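Listed next: structures, encoded as C-alpha cells.
Across the two complexes that follow, chain A remains constant while its partner is chain B and subsequently chain C.
Here is the complex of A and B:
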C-alpha cells in the first residue's frame, strides 16, 4: 500500500483548518446563545455607568481616566475570557475537543476567539468611555495599537488560565486571583500608554511601550501554547 | 552529620547577629537604620531563590511526573511565601524610618508584592483542585507561566515608579559608596547564613511533607 507523503504545506493548511473550525464552532455557539457577549457587555456597560455616574464628569486628569478605563476592561476580561474552557467542562464537551483536535490547535483557536471577544468589548466600551468622560484630544492610531496589543497578551494568558481553572473548584473567584499577578506588567504599561494617547499630542515618542506590549504578547502566546499541552491532555 | 551542619549554621547566624549590631559601622546617610540591610536583603534574596527553585522543580515535575518533585516545589514555594512576607514587612519598617511612610510605591515594593500575590495565587490554586494528580500538574503550569512572565515585571516597574531604594543611591555607576569593607563582610556572611538556614528549613519541611503524603498512600 502506497501512502501519500504529506507535504509541509498541506500539514500547515490542515492545522489552520482545524484552528478555524474551533473558532467557527465557538462563534456559532456564541451566536446562538449569546451567553458571553451578553453577560460581558452588560457587565461592561453597567460598570461604565457606575464609574461615570459616580464621577459625573469631574475627573479631568488623563492618568485617572486611563486607570478607570483599564479597571473596567480588566474586570470585563476576567468575566468573559474565563468562560472559554469552563463552558466546555460544564457541558462535558472537553473530551470531544481532545479527540478531534491537537492541543495547539485548540489553544490557538480558543485564544483567537477570546481575542475577538475582547476586541468587540473594547470597540463598544472605549467610544462610550471617551464620550462620557469628555476626552477631547485623543490619538486614535496609538490608542488602537495599545488596545489591540494588550488584548493579544490578555487573551493568551487568560486562555491558558481558563483551561487551568476549568479543572478546579471555585472558578469564578479563582480566575482573577490567578490572572492578576501574571497580567500586572500589561496592565501597568497599558494604563501608562493609554494616558499618553489621551494627553500627549505625539504619543508615538513612547513607541517602546508598544514594543513592550508586543513582546509580552509573543512570549505569552509561545509559553501558553507550550504549557497548554500539559493542562489539556489528561 | 545533619547535627553538625545545624550547629555550624546556628553559630554562623549568631556571628551574623553580633556582626550586624556590634562589628559593622552604621552607614553615613542612613544611620543606624542601615543595619536592616543584613536582614532585609538576605530575606528578599531567599524569596527570589525560592521562586526560582519552585520554577525549576515545576519544570522537572512536568517532564518526569514524579510526585516528590511536586513536594519539593510546594515546600519551597511555602517557604518563599513566608520569606516574602518577611521581606515586605522589614522593607516597610525601613521605609517608615527612612522615607517617613510604610508604603511608598517604590519599584522594589511593587515587585515583591507581585511575587507575594503570585505565591498566594499558587496556594489558592492548589487548595481548590481536589484531585492530587491534577493539582500537581496545574500548579506546576501556573508556577512556570508566572516565572516566564516575571522578567517583564522587573523590566517595566522602574518605568512607572521612580525609586528611592538605597541601592540606587549606594550603587552610583557601579561603585559602592556606602558599604565599607566591614559592612560588606557582614553582609555577605549574612547572605550565606540565611541561605544555609533556608536550605535547612527546606530539607526538614520536604521530609515532613513526604512523610505526610506517604501516609496518604502516595509513593514519594
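Here is the complex of A and C:
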C-alpha cells in the first residue's frame, strides 16, 4: 500500500517535471524572441489609447466600460494565444514535441504558458484601463476572480484551437472563426461579472457568475486534455 | 535508461494523400544490428515512409509494430527508444544546445549523462558552441546538433533522413564513423538517395515513383 502510494507520488512528480520542461522551454523561447508578448502588448496599448482618448471621460456606464475592456482582452487573446502551436509548426519543431512529449503534458504545458501570458497582459492592461477610464469603485477580490477564472477558460480553449489550426493554411482567419462560438459564453458572463465588479459595492451576491466561469474553465481543461491527443497525433 | 527495442516491423504499409498513392505494400522487419536504407528517387516517399516508421504520421493502410523482448506495440509506446533526424524534426533555434537537451531529456523523463553528452559534442567539434543559440549555427552545425540530440538519450533505433545533408567532408566522416561503431548495437534506418549513405546499410527497401 505504502509502496503504491510512493509510486503514485513519484509518477505525479515526474509528470509535473515533464510539464515544467515544456513551460520552461516556452518561457525561454518567448524571452529571447518575444513572438507573442510584443505583438499582444503593442495591440493592447494601442487599442487602450484609442479607446481612452476617444471615450475616456465620457463613458460612465459600467456595462460599456466592461465591454470595452473585454473587447481589448478578446482580440489580444486572439493574437497571442493562437501562436502556441503555430510557431511550433512554422519552425519545424512540432514533430520534436511529438517525439519527446506525451500529448497531455504538451497540452497542460502550453495551456499554462498561455495562462501566464494572458495574466501578464491582464496585469498590464487592466490597471491602465481603470486609470484611463477613471473607474473608481472597484471590488478588487471579485474583479481578480473574474479575470483569473476567465483567463483559465480562455487559455484552455485557445490552446486546443491553436493546435487545430496550426496545420491549416488560412489559420489567421480560421482561429477567430473557430474560437468565437466557443468563447461567446465565457465572454458574455465575464463582461456581466466585470460590470458587477466595477458597479456594485458587494458583487459576491452574483457569485453564480464566478461558478459558471470556474465550471467553464474546468470543463475546458478536462475536455481539452481528452481532445488534444487526437489533434496532436495527426 | 530505456527498455530496449528489439524489432521494428512494417506489414503491407500504404500511404495515400487523397486519391494520390505514394506507395503501397511496403513490408519488412529489422532487428538489433540490422540496417535498412529507404532508397529511391525524389518524390518516391522515402521521407514519408521514415515518418510512418517513426510514428510521426499514420499509414493509410498496414501496420507498424515495435517490439521489445516482452511486448509489442505501436511506435508511440516506444518513442523514447528511438532517435530521429529529419528535416522537419528540428530543435529550438532560440535556445542553446544545452537548453535544448535539457528540455528534450526532462520532457522524456530521463536523467542527463553529462559525460556522454560531452563526448558527443567533442566528436562533432561542437564543444565551444554548447552555449550559443542554435539559430546562430551554420546549416552543417545545426545538422550535427540534430544528430547529437537524436543520440543523447541512447536510443535503441536510429531513423535518419539524409543525415549528412549540409555536412562537409569531415562531418560526413564523423557520422560514418559513429554509425559504424553503433551499428551492431542498434536498429538503423536511413532514407536517402546518396549512394555513400546507402552503403552504410546492409539492406535496402527500394521505392519507385
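Following the convention adopted for this analysis, the second predicted complex is superposed on the first by the 227 of 234 C-alpha atoms of A that agree within 3 Å, B and C clash if a C-alpha of one lies under 4 Å from a C-alpha of the other, contacts with A are read in each partner's own complex, and residues count from 1 in each chain.
Here is the rule we use: contacts are C-beta pairs under 8 Å (C-beta built on N, C-alpha and C of every residue); 3 or more make two chains touch, one makes a residue touch a chain.
The shown structure was predicted, so the numbers you read here are calculated from the model rather than taken from an experiment.
Peer 1: Determine, under the contact definition given at the top, whether A:110 touches first (chain B), second (chain C), both, or neither.
Peer 2: In the superposition, A:110 contacts neither chain B nor chain C.
Peer 1: Check whether A:98 is in contact with chain B, with chain C, with both or with neither, and answer first, second, both or neither.
Peer 2: Only chain C is touched by A:98; chain B is not.
Peer 1: If you stack the two complexes on chain A, which partner ends up touching A:168: first (chain B), second (chain C), both, or neither?
Peer 2: Only chain B; A:168 stays clear of chain C.
Peer 1: Just chain B (first), just chain C (second), both, or neither: which does A:22 touch?
Peer 2: second
Peer 1: Under the stated touch criterion, which partner chain does A:157 make contact with: chain B (first), chain C (second), both, or neither?
Peer 2: A:157: touches chain B, not chain C.
Peer 1: Taking the superposition as given, does A:83 touch the first partner, chain B, the second, chain C, both, or neither?
Peer 2: neither
Peer 1: Who does A:181 touch here: chain B (first), chain C (second), both, or neither?
Peer 2: first
Peer 1: Who does A:139 touch here: chain B (first), chain C (second), both, or neither?
Peer 2: Neither partner.
Peer 1: Which residues would you name on chain A as touching chain B in one complex and chain C in the other?
Peer 2: The overlap between the chain B and chain C interfaces on chain A is empty, containing no residue.
Peer 1: For chain A, which residues count as touching chain B in their complex?
Peer 2: Touch list, chain A to chain B: 157, 160-161, 164-165, 167-170, 174, 177-178, 180-182, 184-185, 188-189, 192, 212, 215-216, 219-220, 223-224, 227, 230-231.
Peer 1: Any idea which chain C residues touch chain A in the complex?
Peer 2: 51, 54, 56-58, 76, 79-80, 82, 84, 86-95, 99, 102-104, 106-109, 133
Peer 1: Okay, in this complex, where on chain B does chain A touch?
Peer 2: 62, 114, 117-118, 120-121, 124-125, 128-131, 134, 137-138, 140-142, 144-146, 148-149, 152-153, 155-157, 159-160
Peer 1: Spell out the residues on chain A that touch chain C in their complex, using ranges where they run on.
Peer 2: Of all residues in chain A, those touching chain C are 14, 17-18, 20-22, 24-25, 28-29, 32-33, 91-96, 98-101, 105, 233-234.
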